[in-house]
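Paired with chain B in one complex and with chain C in the other, chain A is shared by the two complexes that follow.
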Partner chain A sequence: MVPTEEKDALREFAASLKSVPTRVLETAFRTGTPNTDRSRSTFVFGNVFLHLHSVRTHRWSLRWTTTMGLGIMSVSAFLIALVTGVLLMFYYKPYPEAAYQSIKDIHFVVPTGRLIRNLHRWSANIMVIAVILHMARAFYTAAYRRPREYNWLIGIGLLVVTLGLSFTGYLLPWDQLAYWAITIGANIAQSPREVTDALNLTDYFDPGGMQRLLLLGSDQVGAEALIRFHLLHVMILPLAIAALMGVHFWRIRKDGGMVRPADADALLTARPAESVTPVFNEAPVKTYQLAAIVRGRSAAVGRGQENTVPSMPHLFYAELGVLMVTLLACLALSLYSDAPLKELANPSIPENPAKAPWYFLGLQEMVSFSAFMGGVGIPAIVLIGLALIPYLDRETEGTGKWFGGPGGWPLVRFSALLGLGVPIILEAAVIRFGWLREWFPHIPQLIITAINPGTILTLIYALFSMWCIRRYQSTRAGALALFTCFLAGFIVLTIIGTYFRGPNWVFYWSPSDWPKH
Partner chain B sequence: MKKNKYLLLFASLSVLALLTGAAIQENFLKDWRRIQVQGQTDDGPIAVQLRQVVNNNLGVADRCVSCHVSMAPGEQSVRGAPLLVAHKPVVHDPADYGCTVCHGGQGQATEKLDAHGDVHFWPEPMLDKATLYAGCGTCHVALHVPEQSRLQKASLAFERLDCYACHRVDGKGGTLRPDQGGMEGPNLSRVGATAFDSEWYPKHLAKSAAATAGPWKTAFRTIAAEDLPLLGDFLQTRVAASQLVAAKSTFFSSGCLGCHKVSGVGGDAGPDLTKAGFKDPGLVSFEHVPGDGSIKNWMAEHFRAPASVVAGSLMPPAPLSDKEIDQLTFFTLSLRRKDLGDLYLPKDRIRAVKFGEREFATDGATLYGAFCAGCHGRDGQGRRLPGLVSFPSIANPDYLAIAPDALLAKTVELGRPGRRMPGWLKPDGLRAEEMKTVVAYIRTLGATEMEEDPKPARWVTAAPIAGKRIFASACAGCHGPDAKGAEGPALNNPVLLDAATDTFLVETVARGRKGTAMASFLEPSPVRSALTRADIESVVAYLRSLQGGKS
Partner chain C sequence: MTTTPAASRSRLDPEPVPRRDWLGLSSLWAAAGALLFGVTGMLKLPKAAVLASPSKKFKVTLPESLAAGEAFVPPGRAVAIYKDAQGVYAVSSICTHLGCVVKPNAEGFECPCHGSRFAANGEVTKGPAPRPLPWLKVTVAGGAITVDEATTVPQGTKVA
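Let's look at the complex of A and B:
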């Protein structure tokens, strides 16, 4: 009796062993191969990583021109920076001198260390660019409108944290470039002193000095600042951005997916042939109306699902595609150009010109006119203005369309020209003729704080925006004008700060004209 | 929607291609791999792998041998590429000591430019051919090096007395003669480092007397008594790095130790030079340095014009020839003394560190050259340089004729507190007998003995009140109000007033110092009338009143 039973158990064991790979897959995905609409849906919402997506995606969202993949590009860049950053942490030592030596080791000795560090640097830069462009996309397609107002605010938070991540990472190599860029950054944080000094208040009330002290943990960039920046860079800010990103994505689904025009279904051409977009159908066991519980005018409520496709695989092809394109760009740039590493930081030899990271050079350019307005005043006005946009523009015209709304593309085009032209003319005049300080050497600083090229530029932009609101009888038109102007001004000032400012922040046509250093 | 699929496909394939390329680059195209695949021994091709010499005692992990394979431990026989040649035989086996200890460069790097330090911002580039021997300074110090002229005399004596007939020194002499021998004497290139028999001369004499033929009879002659110490100096400084010794001799002729310390000996005014050879070219300003961005060039320019290279430098520019500048640069580059464990501490370093032997010879000329010449000039003629307080002419006969030895000795011992002249009576300064030697040497510099002075040290009895008025009109222009010093020396200095006799002070004013800005005040000048001896005495009385309660 025993032998037969033994034989059966053994056979069973062999069969189980044989089916292990299939079973592992089955238990991992639970739904089996996602080859029917139903199994694809369960595949998405049954997966902890994928369930941030809705199970079906509107075809409008998958058009390249809808988002240009900029949001996913930002996330992809973040993921690349995350992975390479964790790898770098194995070798990086956050102490002055040791930090510099460890970067040298990573660059020269650690296998693939140079590539990893280059990837980290390039992905960080691409992330900053992608986040800014992503914001511009969301603005120009009026994606911030109801019900996505709050997600726009989270987006602004993400922009700030992204810049913070990039800025804190800048100090870590502890070379001259890092040291003096952070010194500039810390001085920008201290810029409210310009006003308190002028009012003789600094002794009693010194928010600028406080900010700088909080940032550096000391009165100059040193070991304390390094450990602070390191902690912010590898722990606090990544956690913050991860949390914000989670909310940002979750709200996309809850707010009804990507923004699209009211007439998106009509605009989309007829359903593509089955051969182009194979849609696997299965006789519905029951009707899946997951989207029905989503509040508001969302994707599928009362409108059927005819223009949606299963997220698995269509959306994931697109997302993975953008991820790989981003990785490709980072990789190509990393192989082409090394991340800079200058000499060891030396507090007694200032870099001249000492420049902040590139995305702050527009600010630095304005700081050269007035530290307070350039470093704190105007950025605060811009951030508050950005945050207010969804609450001031309550129109509906043009939602989901590029440059949608009154004025449209012609207005944006004109605003872009104006936004580029005014700062160029203003800068040319200042470079040629100087400003109040050159004309009236004893003028009180407060007047310069109030009246300088930065504030005048802001004022011109604001007046133009007001005029647009009147001219088109539309807040959206004013917002289009203002946003475009600021974007153009940011570009002009950043380019001037990056390429045309030499030692002592003097204008030079080219670095080759700089005095010999 | 298919295009998303193709986008994914295209991007993924491209990433894969780039990663493959990077992997190929990393695993096949690295310089050291390409060199190693050519390597052959008698047993066949060598294994392609990262090679290194690790020596924890010296703190090296040198991967240089990944390319220079034949210099790796046990791989001397590897051939096959032009680079694959064994190191020429040296005392320090590279397989043990590593490469960067002597040559500098970046031992951890595995690519040529990075390893040789020819990249921007690498602080420690490889020493080039011309400065190769500066690497010796990482561990070694050459002891008892005399100043330039004595070193030259010593080497000329060795040549003049034809010691080269039998001995080989630094690749010179001791020739082989067909059928007649040659190289009879031992090679003396390293006797300074290894030690030699101090009784060599009597033994030579005895052997020569006993010999009937051969070089002992024909090539050896008696040596004059004054030449023997010169030969001693020459032999003591033979450490197989004659370039380094010559450079060090120039260093000891230029008075650098007056302000700078090397291994704990010297002044405090300037930076410690013990590790100056490791100066990071990234950390100095090349703004006013013509030529290339190497630290060698920076140092050379710095010796030519210190204050224009380092803003605010108080280092007096020395009148140096180009050769001397090269030598000083070379010597400064050689100041790269690493802290070594006992295992690797060389004999000469032990003698210097643990037994207090001097790196400089202790004759007057060398002591003066090493400590005083930077400010007072090599001949003691003093120096006046724009922007700097003038340095007194201490070999001036007018000075030496009236300055008692006690004044000279006190001045050397205690210096001038508050002024640039440091006191040398300190643990890291001069020793008592060395100070005596220096004072005696200063006398010989001016070739002037002190005149008989029958008077006691303090004899002036005039009233200081009048002297104060005269001082204000006649002296304060150079010596400053209240004698605090200006362009001229400070006269209220306690060490000066304590050690100077009244005769010295009176006679200084009366005679002046010829060749300096100090004229005789007994003679009228276009800008002031002459002083009488009584006037001078009251000025001295005034100076004495600045001394405070002490006489």
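Let's look at the complex of A and C:
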């Protein structure tokens, strides 16, 4: 008797050992392989990472033109930057000179270092582009409207932190480009002094000087500034962006998923036959009831689950696809173009021209008219304006449709032309004829702060937007006009700053015309 | 403690004096106060009390061959020093716009970052700079010239 028992136990042991891989996989899924409606649902809400998604996704959300995958592209770029950033921290030393040498080591000595650095740089750039385009998508489809107003605000926070991450990362190589871009950036933070100086207030009230001191930890860009930017770049801002992203994604679900037009169900074509996607069959018939209470008209409760498909696999595979495309784009760009590294930072000789990262060159162009208005005043007006949009536009026409609302695409097209034309004419005039300082050398600074090409441009855009509100009797029309104008103005100023400004910020048709020095 | 008879009150309408509310509210406000105090204290830390920057005062010897109105820039300093018949004077070469180091030229100074131009006396002639370049305090003691970058003097102050 005893030997047979032993034999059985051993056989059982061997069988268990054999089935370990299968069992591990099964226990990982907790509720079994996701191949039925029920197990796909439990797959989503039983998983701590996936349950930010709802269990089922409306077919409208999966249309390519609904989101163009821009939100997921932003997250994907962030994830690539996160992984490559952690890898770069193995070798990076945040101390002047040592920082420069370590970046040089990463670029030329460390195995795969150059690729990782390039990936980090390109993913950061793609993230900025994707975040801006994602915002434009949300705006043009009027996705910010009830009940998604607050998520729009979170999105603006994410835009600001994204730009902050880019800017703080720019100093870390401690080369000439970095050093002088940060000197300019820190002095933009100090630029409220332009106003307090003119009013003789700086001795009593100096918010500009305080901002600069907190940013640099010193009165010049040095070791203190580098460690602060490093801290912001690798710790404070990533934590902030992770928290904001968590809220942003969770709110998408709680606010009823992706925005869609009221007649979305009618616009969608007939459901594809089950045989079209045999791997992801719809069987068996519904065996559960979604009990979550979701705000908004989109809740499926009581109206059945028409036109929704399980998030696993339909949504997740689409998201994975966007991640792969983003990764591919980053890889291709990294192999094609290396991240720049100029000579070691030299505090007595500025880089000429000293240019910020491309997405700040529009700002730098405005800063070359007035530091305060260009660097602080107008950006603050734009951010406040963006934040107010969902609280001012409380209409319903056109929600979920591209360029929806009164005016529509013709208005957007006209605004784009106006938004492109006005800054080009204004810049051409300033480049040809100069500005107030050249005409009246002793003019008080406050007048230039108030009246410069940047503020005039903002005023023209604002007046045009007001006219649109009156003409179409709709706040949405005004918002469409203003947003399009600012986007176009941003593009024009960025292109001028990037391609047409040379040494001493003088206008040149092409870098080949720059004087040799 | 005097309370109303249990029979006249339901469990949903407990005490006339909300003792629990009072305790809850006072702990809420204590927590808010502590948070405010703590955050204020934390914000004091990043504001440096002593700035880790090199001394703003430095000694300099002008070359014999320096012509009147010609700028001498000591290595590693953003100051242009001049000598003419009336004496020695120093003009800061840090742009008042966004802090780039301006370069002395025949007419005055030019900024590489945003195109500000200054006259030889520091006045703005072109570009976004909001203020003239400040003149710095110079002391001459027996041939040794000391420049103090932290102290400005009125335009035109020359020290013999």
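Just so we're on the same page, the second predicted complex is superposed on the first by the 498 of 517 C-alpha atoms of A that agree within 3 Å, B and C clash if a C-alpha of one lies under 4 Å from a C-alpha of the other, contacts with A are read in each partner's own complex, and residues count from 1 in each chain.
In the analysis below, a residue touches a chain if its C-beta (ideal position, glycine included) is under 8 Å from a C-beta of that chain, and two chains touch if they have at least 3 such contacts.
It should be emphasised that the depicted structure is a prediction, and the values quoted were computed from it without experimental measurement.
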First (chain B), second (chain C), both or neither touched by A:Asp105: first
Chain B versus chain C as contact partner of A:Leu165, first or second or both or neither: neither
First, second, both or neither for A:Leu335, with chain B first and chain C second: first
Contact breadth on chain A, by residue count: chain C or chain B: C
First (chain B), second (chain C), both or neither touched by A:Ile349: both
Which of chain B and chain C A:Leu237 touches, first, second, both or neither: neither
Partner chain in contact with A:Val412 - chain B first, chain C second, else both or neither: neither
Doubly contacted chain A residues - partners chain C and chain B: 349
Partner chain B, residues of chain A touching it in the complex: 59, 62, 64, 105, 108-109, 111-112, 115, 175-176, 272, 276-277, 309, 314, 317-318, 320-322, 324-325, 327-328, 331-332, 335, 341-344, 346, 349, 516-517
Parts of chain A lying in touch with chain C, wherever the complex brings them together: 180, 183-184, 186-188, 191, 194, 197-198, 210, 213-214, 217-220, 222-224, 228, 347-354, 364, 367-371, 434, 437-438, 441, 445, 448-449, 503-506
In the complex with chain A, residue positions of chain C that touch it: 46-48, 51-53, 75-78, 97-101, 110-115, 123-128, 130-131
Residues on chain B engaged by chain A in the complex (per definition of touch): 1-5, 7-8, 11-12, 14-15, 18-19, 21-22, 26, 106, 108-111, 114, 120-121, 123, 280, 282-287
